[in-house]
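Below is a structure I'd like to ask you about.
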Amino acid sequence: MLVKNSIPSGSDAKIISESLWRIRLNLLQQAWKNNWQIFTEKKIGLVGLWIIGFFILLAISHPILMAYWSSQELPPEAMMGHNKSLADVYDPIRGLDLRPGKDMMPLSHPAAPSWRHPFGTDPMGRDVLSQIMYSARIEFLFGVFSALLSVFLATLVGAVSAYFGGKIDAFFMRLADLVLTLPFLPFLIFLSSLLTLDLFKLGLVLGLLGGFGGRTIVLKSQALSIKVRPYIEAAKIAGGSHWHIIFRHIIPNILPLSFFYLMLGVTSAVMSEATLSFLGLLQAPISWGLIMNFARSFGYSFYEAWWLYLIPGVTITLFCGSFYLVGRGLDTLVNPKLRKR
Amino acid sequence: MAETILEIDNLSLRYKTKKGDVKALNRVSFQLEKGLALGLVGESGCGKTTLANAILRLLPDNAEITGGHIYFDKEDLLLLAEQELREYRWKKISMIFQAAMNALAPVYRVGDQIIEAIQNHAPEFTYSAAKERVQRLFELVGLDCSRIDHYPHQYSGGMKQRAIIAMALACDPDLIIADEPTTALDVIVQDRILKRLNRVREELGMTMIYISHDIAVIAELSKVMGVMYAGELVEFGSTLSLFKQAIHPYTAGLMNSFPSIKGAKNQLSIIPGEPPNLLNPPAGCKFHPRCQYVTAQCRQVRPPLYRSPTEQQHFALCWHPLGANGKENDHE
Amino acid sequence: MNEPLLEVNGLEKYFSIKSGFFRRELKYLQAVDGISFKIKRGQMFGLVGESGCGKTTTGRLLVKSIAPTAGEIVFNGKSIIELDDDEVRDFRQSVQMIFQDPYQSLNPRMTIFDIIAEPLKIHKIGAFNQREELVAGIMEKVGLSPAASFIFRYPHELSGGQRQRVAIARAMVIKPDFIVADEPTSMLDVSIRTQVIELMKKLQEESRVSYLYITHDLAVARYLCTEIAVMYLGKIVESGEIEKVTQNPAHPYTQALISAVPIPDPSYQRESIAIIGGVSKPIDLLPRCRFYDRCYERDQHCQSQAMPDLHEIEEQHFVACYQR
């Protein structure tokens, strides 16, 4: 069927003067600006964002510092061991500081925080600050990967099972129940005995568990409330396909909630990772949890080497807390009812 | 002349919002005689609900009364402390809220909820005395007394609304303010409830303010009516006089906006445009951007009070009153 | 001109309700229970009734949004119950629906352009830049002018009346033959409502589209429609030419309904007919006249007989009542 009568093109006053992509870009910009305004109303989200910014700074400054240290030759009198440059001292994995201190005696490790090692060293003589910085990069990649995967799955599965209902819905919901009732930590411990859990595998597992678990149920209930809106029916009556409706109407409307869960997802993924690392079940070069794990396995208690517990502990809390705070800040965006008039 | 029960004098009110002040009421003045039913008609956002809430000072925190007086029985309600005003609420002035029927708590019996309301405001009532009172109220509003012990979910929408009306009548108030009491109900139920409400009002000799967007309902129920637009009372007078000769062009337009089920099929008159945003209302007459008689004067200066030559109580805020100076009311 | 565009025969829609212990008991809500009517080309047909009478369900059945339990819908000479994919696509291009709530019927995350162009996109009508023109053209037609100032806004930036105009534009943009309008004005403010009523009237006269206008407001139906059907608990109790039904109602329910409509004239003394009870849900109905329990003219015959059928009592005026 053709268009029965198109509008007279005589009135050639072009209605849209700019190109469409430019208009859309502008709209997107405007939307970001508005959302940013709402987001910044609550200071809680901003605080979170500042902390995240600080961690990003940590993560990117480590390789830069490494490059700098590599160019710094150690003075010959300090070459007591095999060290050739400062980079070897501050290497988060292989570093060992054998340089003499003021009393011309080498540091005994673990060393308490000092000017040379602001966060101290671990039992193997490695600089804790470099370890914290180096791990930040890994934690970011790991947390965001796992959270993205879980939210992507949860959004899709939630939208699909809300839209189709019936058997598809029943299947995914029972699956979600199963995942929810799964004893989380014992399962991960069991898993680590089956295969060597590295960060990628753990991220995959956490992403899958999150994606088919509780978040799916929440996103599905949100999608259900969207599904009954008349614009869905209008699209259906106009002939829109199932996927058209899911991708064009349902998912864009649950996306703010997904974004909210993305933030919380990072928090929970990093927390699980820290727990597993601390228990020594994770195959990773270094991570915040591992710093504590080393301290423990070398037999140092909190009283003997407090910095090896306190500093990574505070770092994990800050990191997880910052994403959580951003999530709380997004709350107002997700829930227009919370906005101030 | 009958006694005046309520007098609103130059009342102005604004809501403070982040985007600026919303001037919800602007110098509203009228007097209401005892025992009459007043109908307030207007579109959403015109300030009619705000006016009702202002009388009982049931306003949100960001509302601020910027001027004027509300006299109830010669007492200025705005000068009363919150504690003193409580004595008025429910006992002397009660209110039937918009969609109040959804406000019944689902886990308590309807009768008990009314009894609690009575005892809250009149502690001298014992439980059994209050229950007797509820029985009489139920008879009054046309609900079966066996319904007292039922839960809200066992009630239909119309019955819930009757229960709410019974609750409003509980302490024998002098003035009842009913804010769109039948908006969500079907025609037949609406008709029955309004008839009943009106009968009860006449029997008990109460004064009533009836708020609605439906001019037909107001025409049937009220002796006097006021038309509100953009926070102003643009016309006020006896219903008969208003319908005979509307002064304000908005009133005239409103009256011809409703198709009728009876009589000849008239072309509806369209009021062009939309009501103004009260964050930034137009200067002069608030209606001027939509008015067909607009002149330079209208755009700049707030119109004076024009009194109908035939009825002193009938007034409007307009520079070009319809029916004056031989001008034809071409809305007729 | 008089051939019907749409013919409905014995249309039924039952919704199953599970109740009782362990939801074992299966009951049916007889939302639409055997209704028949015809809509002519270019006609505005009114479907009137109180909430819960099945009028919205009927509308959704006619646009194939839900499938009927039984009965036949013939559109353009073809039954729409069983269609193959191509025919469905054709059908979807010739019907549209306008909804009651302008705040819920537009996707808040789409611009006005995207909303109105959606049916064009789905049916692949017009090249990309042609769609622009089509959308702007229809926007001017429904009074959203200048179109350029609205086209890339979001629904929340528009007032209720403007949103309903967008919904009308979305329905009109693919030039359908038939539009179901489900109470399109009941949530709008008075002055805006009049504007939209007049707009629909104008558009209908210009385009000769057929409408099913669903409303609870008899006065609006009288103003807009040429023919109406009055529904009560899933059945049509009275139908016919608008003036005949509204000015001379025959069915006791229609009489009561019309007598309850307030008249905007303070000097008019309206006598309303008092009927008992309220509208119940159409579940577990006895096989007799649906209005029996509330009727003021019922007798022995009504009690024992099945639901009466519509019969003609004068030209173009049908009623389902044993007393007429």
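Going in written order, the chains are labelled A, B and C, and every chain counts its residues from 1.
Heads up, the rule we're going with is that a residue touches a chain if its C-beta (ideal position, glycine included) is under 8 Å from a C-beta of that chain, and two chains touch if they have at least 3 such contacts.
In this text, all values refer to a predicted model and were calculated from it rather than measured experimentally.
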Central chain of the complex, centres being mean CA coordinates: C
Most distant chain from chain C, judged by the mean position of its C-alpha atoms: A
Chain centre separation in whole Å, for chain C relative to chain A (CA means): 51
Between chain B and chain C, centroid-to-centroid distance (C-alpha), Å: 32
Where chain A and chain B are represented by their mean Cα positions, the distance between them in whole Å: 55
Touch list for chain C against partner chain B, complex: 50-51, 159, 161-162, 189-195, 197-198, 216, 218-220, 222-223, 246, 256-268, 270, 272, 274-275, 278-279
Contact set on chain A toward chain C in their complex: 1-7, 9, 15-17, 20, 23, 27, 229-231, 233-241, 244, 248-249, 252-253
Interfacial residue positions of chain B with respect to chain C in the complex: 43-44, 156, 158-159, 186-192, 194-195, 213-217, 219-220, 239-240, 243, 253-255, 257-262, 265, 268-272, 274-275
Residue ranges of chain C touching chain A (in the complex, touch as defined): 60, 63-65, 88-90, 92-97, 99-101, 104-111, 115, 118-119, 122-123, 125-126, 128, 130, 132-134, 136-138, 147-148, 151-152, 167, 170, 174-175
